[in-house]
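Notes to accompany the following structure.
Chain lettering (A, B and C) follows the sequence in which the chains are written, and residue indices restart at 1 in each chain.
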Amino acid sequence: MDFLILIQVLDSTLRLATPLLLVCLAGLFSERAGIFDIGLEGKILAAAFVSAAVAYTTGSVWVGLLAGIGASVMLSAIHGLASITLKGDQIISGVAINFLAAGLTVVVAQAWFGQGGRTPPLQSGGRFEPINFPGAIPSKEMADVGPVMQLYSELLSGHSLLVYVALLTVPLSWFVLYQTRFGLRLRAVGENPAAVDTAGISVVGMRYAAVIICGVLCGIAGAYIATALQASFTKDMSAGRGFIALAALIFAKWRPWYALGACLLFGFFFAIDNRFQNILLPAWSLSGVLLLTAFGLAGYVWRKDLLDKIVLGGLGLGVAFVSVLIVASAWSAGLSTQIKIPVVFIQSLPYILTVVVLAGFVGKAIPPRSGGVPYVKEK
Amino acid sequence: MDVMPKWADVVLVPLFSLVLAAFLSALLILAIGESPGEALKLMVEGTLLRSAGWGYMLYYTTNFIFTGLAVSIAFHASLFNIGGEGQAMMGGLGVSLVCLFIPWPHWSLAIVGASVGAAVFGMIWAGLPAYLQAKRGSHIVITTIMFNFIAAGILNFFLVGALKPKGSMDPATANFPASTHLPTFEDMAQLLGFEKMFRSAPANVSFFIALLACVVVWYLIWRSPLGYEIRALGKSGPAARYAGVGSVKIIMITMMISGALCGLMAVNTTQGESERLILNFTEGAGFIGIAVALMGRSHPVGVFLAALLFGFLYQGGAELALWTKIPREMIIVIQALVILFTGALTLMVRAPLEQLFFAIRRG
Amino acid sequence: MTNNPAIELKGISKAFGPVQANRDISISVMPGTIHGIIGENGAGKSTLMSILYGFYKADAGEIFTDGQKILIPDSQAAISAGIGMVFQHFKLVENFTVLENIVLGAESGEFLAPSLRKARAELAELAAEYELNVDPDAVIEEIGVGMQQRVEILKALYRKANILILDEPTGVLTPAEAGQLFRILGRLRKEGKTIILITHKLREIMDITDTVSVMRRGEMTATVKTSETSPENLAELMVGRKVLLSVDKTPAQPKHQVLEVSKLTVVDEAGVRRLKEVSLNVRAGEILGIAGVAGNGQSELLEVLGGYRSATGSIRVNGSEIDLTGSSSDGQSRRARGIAHVPEDRQREGLIMDFTAWENAIFGYHRDPNHQLNRFLMNNAAIREETAAKMARFDVRPPNPNLTAKNFSGGNQQKIVLAREIERNPDLLLVGQPTRGVDIGAIEFIHKQIVALRDQGKAILLISVELDEILSLSDRVAVMFDGQIMGERDPLKTNEKELGLLMAGIISEAKE
């Protein structure tokens, strides 16, 4: 029974990690080419809406998918125009694209369907159905079979096509980036565009190519959310996935296989969050972990300057205080009392982990060197 | 020499951007089968032609002044504070703690206390990413985005947990005591003998704090040695180093001021309007600050005018949603277009203007 | 081999707005020779090379290789015409391997593995042929500058370049590395390659080239056989008049010790020792000039003295010790101690290009109570007025304090910096490259100001890569090489040759 729960959580991890993975790889292509993209969120949202709307109207999920990709690529083109051709601020452009998508999707959805910014539920044919592998058994019979069958039927089988597509995108991205001429040039253009330019290759062309690939992948992710994970578009349904994917990208240090790991980890957090309302830990272990963190911080700032002492020391004191609170509240009932870990903590873990990685306390993440900088030819 | 005179750069570029944004929005309104002229008329009538409309507009304006100033001051140091949402949320937490747990005898003292609480909480929430940028080189755009999400988590944690009154199902704190309630424009109008003015509109005294903030920020940026150093660091890191302007110190101070300003927004929304802390009270104002700062060219006067404009759009947008098929999100589209034209496609907006001036100069 | 020139330019002209960068330039270089192009900074050498490499389109003129007229609209065309370029700032991808850098843009197919295999084999051949040994799997950021330059040369050779253009190739090299480079170039010449060497260093031209062209203000003033000319002759052609940068000055009357530096050591972020136990002193009323090839520790010395780089050792100013640990040392406390600093790079450090002249006129002194109304506000009106007066005294044109710094010419920008630093009446003035990119008229003015300050009894530390400037201004000359002071000379009793040997690290009298 316990094994089955694990399998179910992993199954849900895979489902939830899929859009993250696609978007993370989208960001990877863009950022590896030197174009920062915080507009990933907007692209997913636009694609989610357009794919759902078109799939509903035409009754074909495939036409919906294509339309979603088209919408996402159009936003990518705007981002390219702003940040490559017009050498504008890439971050501001990304912010604008997020708002553009957030606003337009609801305005247009309201105008088309009049359901308060939603699309009507997608019928069969208008959404991606799970693919059942040969011999896989339905969920309700799962408890009666052995672990291998459970693994096969629940975890491996029964996902929509796009889940498998996303998984295949990882080795494909790796291959394109590291084993092809295109990939070599793409990575070079994000590190030192002048090297690419003097080698007689168009920096602008490479960067547009990367941005368009980013759009395509975001489009698939958006379509997945609206037509596979759910079966309609709802307002703001991207729910910050673009930003989490960005976090995963940093966590993965801009590498495809690491991206898979990061997205699965973050997907796992969400799966846990979905599955368990209460995660209980004995008070002593909880406060112990917190105390250790506090001591770690204290040890780190011991020989640092005043600012480090104030900021990190303050943080350490805060953590120690929480730890004391836990002990105090559990004191009467004994230190092995089960304490509930707040759900929001699990939800916030991806962001916290990303900040820790960005801060360079664990494995420094070094972004592509020319990221965010428009290329201006030197005289 | 520059092609355009400075005034044209400062005034015409944002205006032209606005015209472009308005034009595209009008097209969108046409496309969804409504009349742009009718929409504008509704917006003006619902906002500018009745006092309650003004009362709503100035309420939004107050928020946008705070967040717009916050983004502006960070821009001057070449920092992009995209974390206004999170800082405002923490500010709300600060306001609530001050209002709930300190027995204030009178609102005039409570507003001081709440402002300090809001500013300090916002400051801390901006100070952490600032520290990570200054000392560890972590990109502040990413960290502030992450801190928005973490702040939302913390707010959620307190509103469904410790701060929620027993027995309540609502994720919100208890109502603040009456002695902390701020006078609204309606109250003030009555005091001056005008009945039936600003009826039940949320604008309140914190609008004047926002105005004061504009003045203070103007002096800070353009008149004080600290502002000089902030601008110097923003323009050239190596030069600041040469002049002995410490980047760590300036990044910390600038971001903390920025965070404090975002936090102050909560005095308006939490103490002034809802009179308790609720989820999602920021309503994206932290992000609108970006549009306001860009549109206002990071100058307090510009920020004030842009905040008025966005206040108008927000109140007008609510009117549209009420009377037409155009949803409130129309405003987000306009906001996105303004950010796009003033911040990212600047070259495209400038080019025709520059040509115009070039032609004029030639005679 | 035919008798056609390997490359020939006819009547190349290029203007940027009103500035004529190249005017009617013609050169012809025979195969298997090294041709030097020499000229001062801003003479138009880089523009010419950019035209040859397809970065700019010439307004007029024609280019021929091996007798065939060619068009070079972009870098790709230059590469296929057999032109290879080694830029002053290398165009390498730092975290790629040598092999990946060489292959980039010259891949043999869609997939990398075969390209890399082919390149590895060819690289081995090239290495054998030209004695250019490089580890193909080394990552660029982990190999030295000299090695990186070899990779650039290999990149060009891998693309079958017959004509190799090198832009200021020795600017970043140590003398030993420069020697190796010239050996490689000699070898390439022997194998029939044509080389164009762009430099402003006379010695290099004399050492290695077969023919040399001199550029001045966008024009080609002469093309001669190297064997038939002399350094003096070339220098004259470069500058356009007899090189007589003498400054009227009386002998120095040094008084008390102002600056005492002892055993100053700087280790940079990468762990490289940039300064190695440097000791020197400057007295009131004298100018100590520090000569040396750029990149031998002069910049670091200025940064430490200016208070924005930490170091070990000791610095005493007017007898009192200065803290070097970094935390309590900064530019502003140095200024309070009477140290003024004209930095080497005025556009990057000395000025904020987007600030107005009056804002720049107090840069670094903005916390001075004299500029303030009260603790919180600056007295902008008074600063503007003062600046206008200062600009008049230093003949800054136009004398408009409200103009932004980027709208002034180089010379006038430098006068703004100089005015700011000199008018503080400092005890010690640090000056780096005071006349870099400054027109002749302003140079004289700036030199006079520096000497005048000395005559007021101030101590001056002058750092310049222009030997003439050092010799004509200094009362004592110290030479830096590889982070050390190689020796000290009396400018009246030494000559360029002796200083050159010190600068190259060939003779040394470094003590301790």
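We take it that contacts are C-beta pairs under 8 Å (C-beta built on N, C-alpha and C of every residue); 3 or more make two chains touch, one makes a residue touch a chain.
In this text the structure is predicted, and so the values were computed from the model without any measurement.
For chain pairs B-C and A-B, the one joined by more C-beta pairs in contact is A-B. Set against the C-alpha centre of subunit A, every other chain centre is closer than that of C.
If you average the CA atoms of subunit B and of subunit C, the two centres end up 47 Å from each other.
Between the Cα centres of subunit A and subunit B there is a gap of 28 Å. Touching of two or more other chains is recorded for no residue of subunit C. Listed for subunit B are no residues, as none touches two or more other chains.
Residue positions of subunit A with contacts to 2 or more other chains are absent.
Across the interface of their complex, subunit B is touched by residues 306-308, 330-335, 341, 343, 345, 348-355, 359, 363-364, 366-367, 372, 376-378, 380, 407 of subunit C.
Residues 178-185, 187-188, 191-192, 194-201, 305, 369, 377-379 of subunit A are the ones touching subunit C in the complex. On the subunit B side of its complex with subunit C, the touching residues are 1-2, 219, 223-225, 228-229, 231-232, 235-236, 238-239, 241-246. Across the complex, subunit A is touched by residues 28, 31-33, 80, 82, 127-128, 131-132, 134-139, 141-143, 145-147, 149-150, 153-154, 156-157, 161, 248, 252, 287, 290, 294, 325-327, 329-337, 339-340, 343-348 of subunit B. Subunit A meets subunit B in the complex at residues 38, 78, 81-83, 86-93, 95-100, 102-108, 110-111, 114, 116-117, 240, 243, 246-247, 250, 307-308, 311, 315, 342, 344-345, 347-348, 351-352, 354-355, 358-360, 367.
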